[in-house]
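Just below sit the structures, each encoded as structure tokens.
Next come two complexes built around chain A: one with chain B, the other with chain C.
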Partner chain A sequence: MDQMAAIRETFFQECDEQLTTLEAGLITMEEGDTSSDTVNAVFRAVHSIKGGAGAFKLNELVGFAHVFETALDKVRSGTLAPDADLLKLMLKSVDVLSDLVSASREGGEVSPDIGASVIEEFNDLLGSGAKHDDVDEFADIDFQPLIIDFGDPTPLAEPEKPEGNQFEIKFRPFRGMFDKANEPIMLFRELQRLGTVAINCNTANIPTFAELDVNESYLDWTINFTTEFNRQIVAEVFEFVEGDCELAITDLAAPIASSNEIDIEALMQRVRSQSPAPAPIPAPVVAEPAEIEALPVKPVAVSVEAKTSTKASAPVPATIRVDLERVDRLINLVGELVINQAMLTQRVFRSGNVTNSHVATSLEELEHLTRDLQESVMAIRAQPVRPLFQRMSRIIREVADATGKEVRLKTEGEATEIDKTVIELLADPLTHMIRNGVDHGLETPEERVAAGKPAEGVIRLSAAHRSGRVVIEVSDDGAGINRPKVLESAKRKGLVAPDAALTDAEIDNLLFLPGFSTAATVSNISGRSVGMDVVKRSIQALGGRITISSKPKAGSTFSMSLPLTLAVLDGIVVAIDDQTFVIPLTAIVETLQPSPENIHPLGDGAFVMRVRDSFVPLIDVGAEIGIRPRSSKPPNGVAILVETENRSRNALLVDAILDQRQVVIKSLETNYGRTEGVAAATILGDGRVAMILDVDTLVSNKRHEPAQFEEALAKTS
Partner chain B sequence: MNKIKTDEKNKKQELVAFRIGTQEFCVDIMSVREIRGWTPATAIPHSPKFVRGVINLRGAVLPVVDLAARLGLPVVEPTARHVIIVSQVGEKIAGILVDAVSDILSLDPNFIQPTPDVASQVARSFVRGVIDLEGRMISIITLDTILPAMDREAA
Partner chain C sequence: MTITVLTIDDSRTMRDMLMMALTEAGFQVTQAEDGQHGLEVLALETPRVIVTDINMPRLDGFGFIEAVRREERYRSVPILVLTTESDDDKKMRARKAGATGWIIKPFDPVKLVAAIRRVAA
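Presenting the complex of A and B:
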């Protein structure tokens, strides 16, 4: 059943959103805001998960959510105080809940003891009996079905023990409905197919025979309907008679709000629990009028500012779910449009006689439009970093538990948006840095108190836009980098010369060296095979840079500067022989016009260049990538000073710099494969493909003997 | 799907025939996406000689394989008269540079003869069979291994 699978998937997507809301709400509560709005948002999130899970018969999930919900209900009604211990337990419950959700999503058997210890803690808090009392909260709803025989050969089934959603449907067709050849019995049969119906026909309005108009509609029905489907599916049954009848679908399953609450809350909650599950793609716009709080933008959803306000007084952003592939296709197409526009402009100007200002103006306008279009399309892929940051709070809880440290996560700028791919690829390095921060950065509570700091350590995670890039910082208020220890360790491992005298910044950067780990004992938290060098490499693979700063006794800060998107890149266009290449701007420090007396030969065929008072290796890019032979005399051209991973500086020699521009990144791997020295390809204004050079491999490969390259060639043919 | 199956039953296979120098070759028409004229390609660093480079096909970056070089035949510098056959090669799409497209053949697979046991290793690895057509000999080329094996090179 494809549709069912789609609905199920929607449920899990919503679960993710609910979990995010839930966690955000609990953290707000932890910070001291226990207003009823916050508590209710938290309660609703758990309740929605429970409701949906019930529809899909995910019993483990329902069971756990129920206990959680019961506790939250007590907080809501004021019988349980949301103190620090309780909130800690609840945050732990969120982790359990999200484990349960992902276990259910993967369809595997859910081990019932996942949440057992947490349930026990809840039971201790709430008193016994919280676990199984009224899980099936519809069991005691009393109704007396009256079955009418419509002459259907298959008699309507007796209502079974209610299960899933229960609705009371009041249905009164107008005369016009029959004019359109709609039959109530068809609708009832459709309902019967979806669940258990008990239909009660009201014949009170039928006039005497003399007054009876055969074309008039006199009957109305009350249907008690039990189904595993949600309200939207039920409503769809009546889709074709909409407007031609009086129809009221009431959800009997929604729990009655506790008495000390105002009505609107109960309503809200009911709307929430019934909020239509967005249909599978392509879906109509699904407004979510119940969500007054600004929920985080959905992971794979496109956020569109609603122009008109919905029922709620505050404007609610309307969102649609769109297949990511469609968005990517759009981005590709716009990329091509940009290239085409550039080609057009170039050709028009080359053809001469564009002194005619009309053509020039139109072309300029076109350029503006395509650029705007490109920016808007890119914005679709942009997602706030909030979900990523919230994932980190779980990591912190886990590491804090494992290390016995007290840690609080403070986040800033969660609304900052970055490309979805960047966010995804950022998760691993960020996790590692957070673990490092807690494990190595922060001291134990005793040490902290002894140092005159609060026992609870703080990890700050912040994101901000800064000049076209996103800067993400992870900082701790721990002891700072223990520089003597780092230096000693590096010397012991032979990473630096035993007699080297390094500056503080240089010592800090030793952390990024491969094979470096300061922890005296390798812990299973952060001392695993991945080190900061891996973090650095992942950040650089994203076109980003990472820097470190540290103050003894005050803590350390890791700062990452990332591009907003992976789809375009700023680079300079250079010429080598008759070919053009692009060098990413991120790697470039400066460009120089070397004078011959600053270039010195060093050994066989290698050259160094004097840059102010130091010498850097000079790499002839043309020879390096094999488009021209190595020359034995100092080459001419422009030198581009680049900085690589290990902060080593190199000068790349090219014939000329043609342009600096933004280029659309095209994969070379799709149709060809990975190529050494080349990061990707792009299409320039003349429609030709140009290679984007991978500065890091270019520089690290400079020592390769040409013979090796020939060998590699021979292997492939 | 069904159509292809019946075609197979009716024993008709359609092939695109092309020329390189004096030799004639053909590929299954189902793998051919389009045929276009030669446009200068951008060289790929460190690529084997038979890879002419990459071209821009409506926004996609497409490698072009010089089939003459791939088969070990005499290589000539391509001109505007040369033709690129854009074909599906496994998961990838590649352009195959040939001298000219000569024909579209529709023939009974029974006409396909096994590749004669010649010494050329290259011929044996790319030629799937030969066709005797009115005195001409046309070799059926398999494109599966036409691109360089990137995985091996990376390793």
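Presenting the complex of A and C:
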């Protein structure tokens, strides 16, 4: 990637950040905080996007940002009130801006229609003043940063100095000019580059030493200037001092004799040696202004008292940007280190050296360090969920618009951190759940008012750390799940037996069945995308689980429990025949040693186990994954009671439990291929590969239809 | 002698661009992310020329220039304002604060380099 392309990429990354800031700021304003800090931050975000876009000649983006910025500037200056309608329009503008950024990023043609209706709305609001009149300002500048070429009409390289135009320049600086670090000498040098100068310095106004004020300007100059350039270019030399000096540029008809010529270098020397260095004070007669009592400006410590937009300066946390690839490589290496450390420990113990307490202590320290190192490295990938949550506010606006519902998004725990990959993979399922929440969960404003609720519905999105996992909840204050309707629909579709009596929780879980949709009319919002079964599968693929709870008239809550990282997993190590497997701890409820009288055959080689007052299917893992034949004899071993995502319980039968530990996940799909019943692999301390079991698939492969299961159970008892 | 330039801009994109254009021109560049940060950097090393943005968090360009000019030892450091603000009020405000010159964004690196050389007399 060349440098320019890299900067372009930076620009788009920055756009994403600015859009996030912008949206968050507008939402804060919507909540009633219209302090100048908030408004300024919002303004700056749009301003910044416009500035960068201009440099890359993204004119559509510049044009829209300009209109948006103009409106924000009016809010900033207090001439436009940020009422609900304006903020709604501005939030819509964020969406347009975001679309324009995406379109520009992809580099295709950007349709000028994007945002046309929003611009119209702005124009209605602001008058035509918001039109981007100076879009040309950006259009005609070609940014060519790699070539620094001085061969243009205002050259810095020594131009030829032909006889040509003749000017007389009278120049008398005011004292204010020096306060801006402008120096006569730099102007003279610039003139010298453009032509031949003859400079005459008038020192007549310098007062006596006693009256001298070092900060006053006493000198003036008359310059005879011969150049091939025109008057405008000559005037441009004085551009920065305009207003800070008396300046007269007169065209002279004919070249004049340069008898008064002063060597510019000599003049410069003089000015320098006479100035109290380094300040470029123009009263160049005394070296040390010893008699001056008070300087007009007292030195001030360079700490800034809040005057403009300053706040107590919060220190900017130092950050560096690192390629994700490097971080991942580091994580991988640390993973290997963890495995190696485990192997080392195991070997030392086997060698009998454990009697040496120094060795044991060192090994223990190594283990702690490795664990700390691993946690620190994992933390690098962790990111707050805030940007993800903020993206959802756009979804809400779109769905609210399309359905005519009034919705407010409330978020909690946006600072909660979670693995970057998890965040990325969470976007789609979360989007769908939010859509569902607004579309199916919330009632129309009329229905809400009739039910005694505020017309505006609330979607709550929260994140929190709970016992080593992140729990993300999406809830609505709508009507709750219409259970009779769900049940009826499921029966009609043959998803449950016509006479099945299900508990509330079981009915709620029907929503997760493939092919289920409750909306009587499939709207173009939720209907166009996936069902809750896909949401559930995505969450499961992340090593998470999703549950649902609902209260009639009060609303529903979808709760997702996710691992903090996809790189390690806590599990128990079990033995089946001579093989070793890992079962994720999150799925495990308890472990049991079943006594033979608690195990009942169901026929066709299946067994159930009595766990206190209920029966659960007993799954012989070894037979299920095909490493040993199915046995018709009551199996023996250790039963591990697991709970799946839909809260059904099963017992997994293994030969023995060996250990409980954290394992580093190695993708089986990347290294081998997808295998039913196996989620991933890991390397154990003794160097052997162990498969991590996919409990949900194991159980669902084995699971009997509810009816069949009940029937079989009835026979046995 | 190498001309040292301090660039102040809250946009990473602009900072990167300035870094590229100015390094290419042979200047030695130090960067700051806003006015406040600029003052902190200034306390450590005095550049020959400062190029600053106006709209920035914490301390904007106006505040930065005023703060710099309040201090005697920085009064001779030329400050160029690089901004998208083209309206005259803002320009006047920057001048009043003590800006040496200004360049309207999107900046033309040739112009900027020329301006820096000009004020770094």
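One rule holds for everything that comes next: the second predicted complex is superposed on the first by the 512 of 717 C-alpha atoms of A that agree within 3 Å, B and C clash if a C-alpha of one lies under 4 Å from a C-alpha of the other, contacts with A are read in each partner's own complex, and residues count from 1 in each chain.
Operating definition for what follows: a residue touches a chain if its C-beta (ideal position, glycine included) is under 8 Å from a C-beta of that chain, and two chains touch if they have at least 3 such contacts.
Small disclaimer: the values here were computed from a predicted structure and weren't measured.
Of the two partner chains placed around the shared chain by superposition, neither chain B nor chain C is touched by A:464. In the superposition on chain A, A:206 makes contact with neither chain B nor chain C. By the document's definition of touching, of the two partners only chain B reaches A:339; chain C does not. Applying the stated contact rule after C-alpha superposition, one finds that A:683 touches chain B and leaves chain C untouched.
Of the two partner chains, neither chain B nor chain C is touched by A:505. One of chain B and chain C touches more residues of chain A, and that partner is C.
In the superposition on chain A, no contact is made by A:589 with either chain B or chain C. When the shared chain is aligned, no partner comes close enough to touch A:248: not chain B, not chain C. Shared contact residues on chain A (touching chain B in one structure, chain C in the other): none found. Touching chain A in their complex are the following residues of chain C: 10-14, 16-17, 20-21, 24-25, 33, 35-37, 39, 42-43, 55-60, 62-64, 66-79, 84, 86, 95, 98-102, 104-111, 113-114, 117-121.
Considering their complex, residues 332-333, 335-336, 339, 579, 625-627, 666-668, 670-678, 681, 683, 687-691, 709, 712-713, 715-717 of chain A touch chain B.
Note for the complex: chain A touches chain C at residues 3-4, 6-7, 10-11, 13-14, 40-41, 43-44, 47-48, 50-52, 54-55, 57, 134, 137-138, 141, 143-146, 148-150, 152, 154, 156, 178-183, 185-186, 189-190, 239-240, 243-244, 278-280, 295, 297, 299-304, 307-311, 313-314, 316. Chain B meets chain A in the complex at residues 40-51, 53-56, 58-63, 92-94, 147-154.
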